[in-house]
Amino acid sequence: MDFQAILDEIDDELRPRLDAVEGKVASYIPALARVSPRQFGIALRTCAGETAAAGDAAVPFSIQSMSKVFSLTLAIRALGEAMWDRIGREPSGSPFNSLVQLESERGIPRNPFINAGAIAVADRLVSQGDALAELLALLGRLCGEPIHVDAEVAQSEADTGFRNTALANFMKGFGTLDNDVAEVLDVYFHQCAIAMSCEQVASAAGYLCRDGRHPLAGTPVLSAAQTRRVNALMLTCGTYDAAGEFAFRIGLPCKSGVGGGIMAIVPDRLSLCVWSPALDATGNSWLGRQGLELFVTKTGLSVF
Amino acid sequence: MDFQAILDEIDDELRPRLDAVEGKVASYIPALARVSPRQFGIALRTCAGETAAAGDAAVPFSIQSMSKVFSLTLAIRALGEAMWDRIGREPSGSPFNSLVQLESERGIPRNPFINAGAIAVADRLVSQGDALAELLALLGRLCGEPIHVDAEVAQSEADTGFRNTALANFMKGFGTLDNDVAEVLDVYFHQCAIAMSCEQVASAAGYLCRDGRHPLAGTPVLSAAQTRRVNALMLTCGTYDAAGEFAFRIGLPCKSGVGGGIMAIVPDRLSLCVWSPALDATGNSWLGRQGLELFVTKTGLSVF
Amino acid sequence: MDFQAILDEIDDELRPRLDAVEGKVASYIPALARVSPRQFGIALRTCAGETAAAGDAAVPFSIQSMSKVFSLTLAIRALGEAMWDRIGREPSGSPFNSLVQLESERGIPRNPFINAGAIAVADRLVSQGDALAELLALLGRLCGEPIHVDAEVAQSEADTGFRNTALANFMKGFGTLDNDVAEVLDVYFHQCAIAMSCEQVASAAGYLCRDGRHPLAGTPVLSAAQTRRVNALMLTCGTYDAAGEFAFRIGLPCKSGVGGGIMAIVPDRLSLCVWSPALDATGNSWLGRQGLELFVTKTGLSVF
Amino acid sequence: MDFQAILDEIDDELRPRLDAVEGKVASYIPALARVSPRQFGIALRTCAGETAAAGDAAVPFSIQSMSKVFSLTLAIRALGEAMWDRIGREPSGSPFNSLVQLESERGIPRNPFINAGAIAVADRLVSQGDALAELLALLGRLCGEPIHVDAEVAQSEADTGFRNTALANFMKGFGTLDNDVAEVLDVYFHQCAIAMSCEQVASAAGYLCRDGRHPLAGTPVLSAAQTRRVNALMLTCGTYDAAGEFAFRIGLPCKSGVGGGIMAIVPDRLSLCVWSPALDATGNSWLGRQGLELFVTKTGLSVF
């Protein structure tokens, strides 16, 4: 397939819809609210190393919850199966930052992609060493270039992260966080504020479509079985409370972030990232989602 | 791959574990509680028409919730996208017969595979005609031989189906069932009591791995897009509150039933059914699940 | 105190407000929806036997949930402390017909005044004999004249009682109802459809302000301790999800019904009933509540 | 009534039960866990100024949640009806530190006696000035002697108060706290650590049985209507998830604390405090509750 042509078509087709984007911008933190919503980018990288990109694919944006895939990867590398001792693997059926299920399940988050789960993953990484430095180092190796945190966004996350502070203290009260709440949240707020472009994310996610082996990273990032499992989690839990809808309409493992990015994996074929800042009611990128739907329609790629 | 050899290996490897099966038998209805738990069967049918089977693959059993895939198929055929007007597509994060989510979501079931959702599907079918006859006719065409309801099981379902009666009345109170509660439940209790063997289920599910076209059925059962969506639903919602775990460990669209059967789809390759009556704590077949794990380990087949 | 003068004042003061009553009529069953909302009645009976009444105090109306006080009384008489084995005594913090708490508490209703609890009470009475006949006989003795069911309302309850049918089947599924669901619901639907006037209700409730002894009934209806406990339940659980607000503003044990009636007890002083069909958002009589507030303001009577 | 004789009888009757107290000590904070459970005290003060006391009635203990009555009193004095703008008055039907209801009700606590509600009250007081100093000054005036915070307990509360920190951040995230979370929690943790004896609490609560007028305080503490409402809240919400049971068995407005104290009000008669450190499963004083039951049995005092 001529992927560059396909991405160009998608960009051509969707860009006019940016005119309708007003009123849909994420506003929960000031630093994100300032991003212009009139941007759309898409990039992919095939297992064979081919790349394609269109639109604002080189513009860095806040990866937010997409960082959860990479922090989970680090935690699986460090802990193996023990990673799952106090973090579940089931869809939550509830909003991503809900405390209800956390209460009925005694501080054990449903999965690593809801906020509570990602905070629990950060806690495991803090026990292993300098979590943020490790995460940035991994991303740097995967992208072949240095990756940084947007300090202003990180500060904004910390200043307004009352719900996440509640989640962390709630788990600490149940005894399911090992480390100091402030230290764990500091990692979490910084990982959410990492800035990457579509091209970088598509590149970094490459190991997820190649059984855990990344072309630049050299040694395997994850085993083949571990990689399949991360993909399974992305498909069932990666897009907030719209995971069923994504599976139904797009049929690929995806992970979204409130920065407007969505990464998607076609196993044995390619890794892809789409970005557009305005969000729909489920917290997923409004135009990014349309871009993914177009991509699977045009290519016929789907795991189903 | 030599599928017959693989199924024989799985049967050889798992059959000794039947000695440990006591205490795990489903007992919620007397007619199911009487089934001997010391049975294990597995059968598959490839897209090319090849079949393989081992163990008790020819023994008929109560398909229970696996029937929900076929009733959903009928409803999609009849209603198209309108099927989804009052039935969601998201994992529930709650037990299969929970009323909590149904209450907070005003009588709209989360998906067609929880009991409330399947009762809502039955309601739509009742509006179309003789729902049970249609369902048996579809299964007969797909299997190439007549399929029947086990009348004793159906009666047992009706006699003890208080929770399902509650669910149906609850939806009726919200105005999300169109037909008479008793009539809808009669269809639902009978569809759960349909008896089929592993070989028959594997054959009937053939359209789900062939883009909706079944070799015996002649005309397409579903469109390619509809088929992908049913598979997506099976993966995210098909195995009660263990869907994440199934995606994580098995990585295939599956649908289980409390009769001990589990059907699984490998898109573009094959459809498969495994059966063993004893259930684990999640309500899925205890040994069937192990059979599926062995199958994916031995074959490397997975959508991820 | 000159209670007749006080009730006349209340009627004079509130009657003009009936002009604002439109749009507030209960409509969940047709037979209730037909009642003219432009009615207001109030009646009381002191421990010394004095009576007072104003407005539409002699007009019979559907007592609905107020019947739960009398069925509870019958059940306590029959079972004593064993009445409480499978029915709680705590406020629910949830709407009166919620299934959520019933699910998390395994079919044990929170208290006898939510619908599930009253259905459980009806179940206990069915085990004792002809529950409805016993209830009507008790009310007849307490009022000194025959009391009847409004057959049209009872039929309407049965025709539209999907939520209550759900609750009853839900409990039956948990094994916390002993008798046939249909038989229990038949009692419940009929008790809700009993028709009484404010004067009759005020008279019937007389034992609740006289330590369980009713002037007409002869022998004690309940013991003093049992009576105090029924009053405590009325105060904490008697007015749906507004019990705290009633305690806060009115400060008397009350029990309301969606027919628009509210009975109230001033221990050692009097029993009172107010009625006006239009309901507020909490399901309590809109003008009846104002009548009660006026009564306590004018008399200074309160348990606090 | 000879109250001194009655309290002596209660002490005589209950003291032997202290032998059975092991295993019931509260342990959620170390400073409380060290208190010897083999203590029981009871004290009362009538409206006429008569006092009576028995057992360990002069031993200071941590008043914990009983402080919520006094902080609420301060807030009502400062804000009047506006106090209730963002705090409800309904029983919660959930554990005292639950986040579930707070989530579904968007950060508005159900009532001022659950932890979230008391934290919200502390927030309002912080907006008024030096909340802790005001509270200690009020208690000092009511008791006629200085009242202090136990600094070790306050520190212990802060060190282990993860759940309360979660609640406060959760509300802050909903925008229902006005002040800095740390500042509000500092007040809350200190008010819980106030140390008072049964005699002091019984004296301090005197205004609640005298229509808001306290013999020592001079000017009215609350208006008569405000006082009735505080009592109503105590009865419906004052004893965690056992408020219905307390109303049912004891029938008095009560407020308990996990330090083992319970204060009770007999309107127009007396205020009372009982204390014994070991707790029952509902978090209320195990022996204190028995003491209250004995008191109402012996005196016949009850609001019902």
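In order of appearance the chains are A, B, C and D, and numbering begins at 1 in each one.
Operating definition for what follows: contacts are C-beta pairs under 8 Å (C-beta built on N, C-alpha and C of every residue); 3 or more make two chains touch, one makes a residue touch a chain.
In this text, all values refer to a predicted model and were calculated from it rather than measured experimentally.
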Work out which chains are contact partners of both subunit A and subunit D. none
What's the distance between the Cα centroids of subunit A and subunit C, rounded to whole Å? 55
Can you give the whole-Å distance between the Cα centres of subunit A and subunit B? 32
So which bits of subunit A are touching at least two other chains? none
Chains touch one another in the pairs A-B, A-D, B-C, C-D
For the complex, which residues does subunit A have touching subunit D? 98-100, 103-104, 162-163, 165-170, 172-173, 181
Within their complex, state which residues of subunit D touch subunit C. 88-94, 101, 110-111, 227-229, 231-233, 235-237, 241-245, 247-249, 251, 253, 267, 302-304
